[in-house]
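Order as written gives the chain letters A, B, C and D; numbering starts at 1 within each chain.
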């Protein structure tokens, strides 16, 4: 089954902490959400990689899910991220997200022992059987230690009721090709690798899951619009304008980079959780320069 | 600082569950511990990879730590495994293990976002600063998504007070060489890659961290003894006798394989937690054949 | 220095052999060249990977270079491939190609012992110093055992007189991005990875080096034209129409696949040289189906 | 079929050049051969990786083969290296070596296009069918671009008449394990990875193919002898004494390192062929220190 609720720019929140890196800072979280909606994002995703989902306690994860959905209040659809080592816990969180009224969940397997395709399939099947909420299958091999092939994901889309969309973050453009061609473009495929955003759109991705609106507002949306208008010259210009940031994010990690960028923008979302360290000062300077240059070119 | 409490065979427990894969089965856990001590193991390690540490709830992890230490009751030293995504949680568990009277903790970083050497170093430093218990630095890149070089680990041994031993599970014999030669054999290095046990001993490993005594009793200890006796002919014979099991474990994973093997031995430790699946029947048959052949050659 | 002689579709010849795989079949070679020119190719490249350059004797290599240039007779520019293990031999061939009147040479390092960036740089410098003919720097890590970074290649373009163009065949779209953005699009960059042809054009590649016109005539040229017309809808359709062939070629190898395809088209170019074997019959059938479907969709 | 002519230390020659890197320096070649025989090597191998086989012209390769065999004159058995891209050329060289009276040939596939197991098998079969000389199957994936599994190599040993020995240079100790255990130690397996020499002997390797006697005389032979005497303490001491050199060679390459080392020993074998560059001065100093320390510890 496939889902057509979502498309375009799906903007991701970080999870802001207070000064001790201890408590969730809800006020900043609300501001971040409002800024993303103002950037024109078609949907908001919370508790993804950028949201440090696996670094939160159960209570924190629930709090963020609950407060985000309440604050968004239907202005745009909401996706809640679930990345759990056990099927049992993933199912519990899926039910929780569904009960809160989330529009979809984004589920990635997380591995310590490597998982077989069968094990992954049944993981998604169990979630689908227990929670009546659309699932975005999320492939993020670098962080999750497990790589789902297009074949496996399309097979799950075909047979598992709630598996309705794919988010591909392997960074390999051929995966997007294969999903598009094998499904004749019928399966909603979202690109999660910032640095291949242009290529993914041109190869048939239905949308872009990205944290970048936190730092560069509606530029990602402008890129999407140029693609929709079949204006490749503008699309290429917009892509290469953003590309230094996209490469920087890919190199330094979503949460750490976005939190540094928010600080530059005087939004205090705190740091990522230890052992993750803030960007070193020299890299903060580079990020500042990148953002300044992008904004300068914008106006 | 280095530690000389440990050497020889450090045997690992699995965490046995009841039929629903839900509750810890303490009775079976005690039996497993007793069997390992009877196999001649010089120490017992609980809550390692084999113990499904990352798949347990906080309460379960605490229960296993507590009950294991109580049941071992000083018969052999006990090591408690800690594999956490945040430094804060790792510190909490280190303090908990120390308070219980564990003899050491075995700490591996666990990553979602990749970690730099600095981030890893400070992770260990924080643990050492907060809990007065010897740390075995555990490198397991396949499962933890982070690979610590010999240089980094030796540097931590040199400068971080409680970092006193290394467990190397990358499977690369040159890492053992490098640790041995760089430290002139002064740093206790334990091999955690079953399939290179012979090579690691000959290259200077002080011990072998292994689950195999759960299935083949004192054969690992016999191999160690042959090495100590400088009897390479016997050591080679003993190694190649065990090797099919060592390869099988490496291929199918510690927890899943040992639980299947215990079932073959009529010890009901349940299955590993979903999404991990039990060995398929055909592989169980292969494991049976391997164990039968090993035992046949033993007597 | 950069060169603007070349752009668009650069079509590659295979080297046809007689029945015993022994002698060059010149008549078939002329026919192949004529067919490629008729397909609208902007240039012809001989003695590339597809031309089995490294499998030919010195005499054969010279014969193919000579006869190809003579037969093309200025109808389109000609590039001659050079892939040698020693600098001395590469220089000799560069001089030979220049003396024949080739318009450019395409040079890839070939390695047994791994090469450092310095060694590669000086290899190209020596060629440039000894032969006054434009060099296309050819990065083909899979076949040549050496991977040149965009930074290294752009550095050579900047400082080595005859190094004037890049052919990127790593299959990594980000390499094309990096070359385009770093050079502000000023360095002629040709994509040599068939399966990312659409992405490479959209990311700023100036042309496509490809064997596909041997099998599907002017379809690659049509794709290029759609891109030039800023018609992404058509470009995407044309790309996905060709994509099964592009993936098939990437999987089975250029020379073996094209020779099988030519046989299907009743052009007898013989087989690739042993130890390379012809496609097995089952794969020939698949290739037939792919070509039939592509041609069916074309008309 | 297996062969028991060879075992122990098989010492490799480099191919010495004159000052212009142009002509083979036969006088130095004779001296190198005599020194290797004096170091106690059980056999000499010429035209291997160290001998820059793939960087020589046909005439040079023939000259080295001919003159080496003539100069060795039966004092020890001789193996001739063959590493060719085409089966035809490999067969020609095998016949040539056989006609010269070589005792064996060491054959590695060399790849531009990747080779399948079938293609490799038939390559060896053709050589065996055409030249009545024992073949040592040589697996060197790093340099040759092709990795032969133990299963493939053992299968060839079983079915191809002249395939009689294996040289394993992947650097993976488990390959040696697998060959030893699968064949019950019946297939002569030679280790070609210097840095795992100790491990390979202990795991059942019948010999060590090595260039090190060129620089450290009979130390490799002493290591072998300690293993034969079942004296692991001495074997370990001897291995770790040599290990810095073994690691250095693995890092910098056989030909380049040995030629630098010979120069240090006032034997002028020239440099490796361009594009390979001589060791930079700073690395030459390191090599000097390593050799000085090894020799100091020896006396």
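Operating definition for what follows: a residue touches a chain if its C-beta (ideal position, glycine included) is under 8 Å from a C-beta of that chain, and two chains touch if they have at least 3 such contacts.
The shown structure was predicted, so the numbers you read here are calculated from the model rather than taken from an experiment.
Looking at chain B and chain C, the chains that touch each of them are A, D. Using the average of C-alpha coordinates as each chain's centre, A ends up farthest from chain D. Should one ask which of A-B and A-C has more C-beta pairs in contact, the pair is A-B.
Same-residue interface: chain C and chain D share over half of the residue numbers found at their contact. Comparing contact pairs by residue number, the interface of B-D is reproduced by A-C among A-C, C-D or A-B, since over half of the pairs coincide.
If each chain is reduced to the centroid of its CA atoms, chain A and chain C end up 38 Å from each other. Chain centres here are Cα averages; for chain A and chain B they lie 36 Å apart.
Taken residue by residue, chain B touches two or more other chains at no position, since every residue touches fewer. Pairwise, the chains that make contact are A-B, A-C, B-D, C-D. Considering their complex, residues 49, 54-55, 83, 85-88, 109-110, 112-116, 118-120, 122-123, 126, 142-145, 253-256, 272-277 of chain C touch chain D.
In the complex of the two chains, the chain C residues touching chain A come out as 173-174, 177, 180-181, 195-196, 198-199, 202-204, 227, 230-233, 235-236, 240, 243-244.
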